[in-house]
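Each chain gets a letter, A, B, C and D, in the order it is written, and its residues are counted from 1.
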Amino acid sequence: MSAVSEPGIARLSRHQIARRAAELIPDGSYVNLGIGIPTLAADVMPTDKEIVLHSENGILGVGPAPAEQDRDRDLINASKDYVTLLTGGAYVVHSDAFVMIRGGHLDLALLGAFEVAANGDLANWTTGDKRFPPGVGGAMDLAAGAKAIWVLTDHVTKAGAPKIVNQCRLPLTARGVVRRIFTDLAVIDVTETGLVVREMVSGLTLEALQAVTEPALVLAEDCRELTVGSG
Amino acid sequence: MPIDKIVPDVASAVAGMKDGDAIMISGFGFAGVPNDLIHGILDTGADDLTVISNNAGTGTEGLAALVGSGRVRRIICSYPRSRGSDQFDARYAAGEIELELVPQGTLSERMRAAGAGIGAFYTPTAVGTGLAEGKETRTIDGRDYVLEYPLHADIALVQGWRADRWGNVIYRKAARNFGPVMAMAARRTIVQVRDIAELGGLDPEAVVTPGIFVDRVVAIDSDREWDI
Amino acid sequence: MSAVSEPGIARLSRHQIARRAAELIPDGSYVNLGIGIPTLAADVMPTDKEIVLHSENGILGVGPAPAEQDRDRDLINASKDYVTLLTGGAYVVHSDAFVMIRGGHLDLALLGAFEVAANGDLANWTTGDKRFPPGVGGAMDLAAGAKAIWVLTDHVTKAGAPKIVNQCRLPLTARGVVRRIFTDLAVIDVTETGLVVREMVSGLTLEALQAVTEPALVLAEDCRELTVGSG
Amino acid sequence: MPIDKIVPDVASAVAGMKDGDAIMISGFGFAGVPNDLIHGILDTGADDLTVISNNAGTGTEGLAALVGSGRVRRIICSYPRSRGSDQFDARYAAGEIELELVPQGTLSERMRAAGAGIGAFYTPTAVGTGLAEGKETRTIDGRDYVLEYPLHADIALVQGWRADRWGNVIYRKAARNFGPVMAMAARRTIVQVRDIAELGGLDPEAVVTPGIFVDRVVAIDSDREWDI
């Protein structure tokens, strides 16, 4: 059992990772939620903010999942989940959804990751396993286009290996784009001088976090406890 | 003579298909897929096809049936593998289908370029990744870009919601997705809609695909849920 | 008095040039009418055909001029004349109007000309007079983009000089694009083997026409009289 | 906090203008010109401006007044000279204003490229003409193209018809013209509309400019016919 799964450490669930990220999205932002943990953020958006969610297939103003009887086969998001449209939302053609992405109109994209490097490189589109067909979807467009990229991911792989690495081994999605990483253990900023830990879960030490993170971590002066619902 | 792009049935809509054609097929996941037209293509027996679509089909019908028929030589898409993409996965594993993987925004932008007469364009997407390998790059104002070329097709199969005899089309919700940009890109655009509007029945401020981009329209008044 | 303005020669008016061209537009065509004589065609479209007129500012399905009391300042064509919208027409954003043009979706553009060369070169955007600011509008896009270009022009300048020339002296709009020329004297096809006269007005000889045309003309085997209203 | 892009008056709408700004101004001829916003810009006293618009103004008000003020250093347009463009003509003749003449379709395509993050594109328009002189050309699939770059702006002034507090905009008839593509291209987009719709009051299938492209909206409820 690795140090970070000891009983005293208040690891976040996938939903809690999504919720913490959602809490930190600036009010009024235009945001895309990628496949994986980010998608979970859609249903836990803070109710005191107005945040406009974008979906690559052509929706601006994505609302929460509908009740089962209200599902509409013409209204799904890019993860192919049933969604709704917020009042004030609009439908656009696919190429215009990517004008928004590529043109730098999205304030933020929350993406999943296989690996994130200390310099902000992101690998999240293929494991390179030749047995399976690769799929890229909108990952490269989002990574290259949004004004800021936040990654939401488990801190380590199922096998316990670090996902925050010195250099990505897997094929890249984009170079140097990640600004912040939300994991089950910490919130880490990617800065020019290195990785800065802004929040850590209760019971965790920097040494324990460093043990499951390849690049050197620096503790922010105002590092606080990572909890959900703390605004 | 009045312009009348409305044809009576699917067979008339897909008439003229040839072996070797490149076919764009609208849809994203299960929304906006022109399943009736796809089965119409299957019924023509056309072979050696190139399919251009966001996904590669799931379940047993629609795009998955076309891919599973063995008549698709090559597929150009952004995200072939999904829950239920068994038909594609098997053909791919057997080396029976070529895959050109294109980042999703580059996919629709290449279609738009084809429709808009743009010879090529520089995009920041995929710079420094495996999907830009072998492609020309260029630094413009300090940022790196990859050169991408237009994506044309012989035929586009598009699912709309309502259309008139001039070929003006409106869509429904997120089923709009690739339809309008494929309609621009293909040499012949065939649209299936739920029903036909009188000429003038669509708001001229709200037409999404003007008739100039549409060649044939067929109405399919069905609530059938396809296995896709 | 030059040979072509003799009393026996049935020269067309500008309206008649426009009307003859309109008569020959294939049924069901998508057509742009440029500034000058082409604009006059809008009001003389054959009523037995359905032809869809395009305007660069963002109209597909331009209708005839409205009565004065029905003028709408939000509904003008690219020549800034008041127009109407046909039933079945649609408004589009400017860039999409040029997707139609540049992408080769227009069957035909009828354009004015300062000069047309034997090889189809077109000069219609500037006289090169440095005293006046040049203006190009959509002329170069139309000339490069429409599937076919027909030129509608007086056969000679006000000074009597040929406008159909061996080589354009004025700055070009596009190279090798003109397919057919409608003048007050003749309808001439631009072919790979040279200029072919398809129609001539009554009273005109090929010799007289040649005298006001720089490149060599060939008479079509089935050359007919150029009249308006002859289908 | 609710998103609210609606500002109370023209002065608030144009606040933040700086000397040297590049300003896109919607309109084609006299249709779709945001005259109130233009006069708002004049009132700020901002100088050394670049104006990007299809025309260069006619009459004595609106764009012509801005050009006539002497505060426009440079204009980028497709068709400056028209009946009544005396203000521009005089400045041009006196060598007091720079003109960059751009083919009309290239003008809006360069705006779209700016809005869409495209680094540059190849267009067939203007090949072999004086307007392509000095520009890079390239032969693609046997056809010649000219390389064109994106056209950005600090501010876009756009005339819409109705808008909501999220900045969703619809237009009226041919007054739509350059508005939507300028809204994409500029760093700050300011829209004047005839009236404000409740959020949800615009059909989500018929929104032409989604709010993401809009920063400020001001309602001008006036039938005034400008001398333009």
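Following the convention adopted for this analysis, a residue touches a chain if its C-beta (ideal position, glycine included) is under 8 Å from a C-beta of that chain, and two chains touch if they have at least 3 such contacts.
Keep in mind it's a predicted model, so treat the numbers as computed, not measured.
Identification of common neighbours of chain B and chain C yields D. Rounded to whole angstrom, the centroid-to-centroid distance between chain A and chain B, based on C-alpha atoms, equals 30 Å. Chain centres here are Cα means. That of chain A falls 57 Å from that of chain C. Annotation: 33 Å between the Cα-based centres of chain B and chain D.
Chain C has residues 85, 91-92, 98, 101-102, 145 in contact with two or more other chains. In chain D, the residues touching two or more other chains are 109, 112, 116-118, 123-124, 171-173, 205, 208.
Contacting chain pairs (ordered by label): A-B, A-D, B-C, B-D, C-D. Contacts from chain B toward chain D in the complex involve residues 109, 113, 116-124, 138, 140-141, 143, 145, 149, 170-173, 203, 205-206, 208. For chain A in complex with chain D, the residues that touch the partner chain are 27-28, 30, 48-50, 52, 54, 60-61, 85, 87-92, 96, 98-106, 145. Contact residues of chain D toward chain A in the complex are 1-3, 112, 114-118, 164-166, 168, 184, 199-200, 202, 204-205, 207, 210-213.
Residues of chain A that touch chain B in their complex: 55-59, 72-78, 80, 85, 91-95, 98, 101-102, 126, 131-141, 144-145, 171-175. Taken in their complex, chain B has these residues touching chain A: 28-32, 54, 56, 78-82, 88-89, 92-93, 99, 101-106, 108-109, 111-112, 123-131, 171-181, 208, 225.
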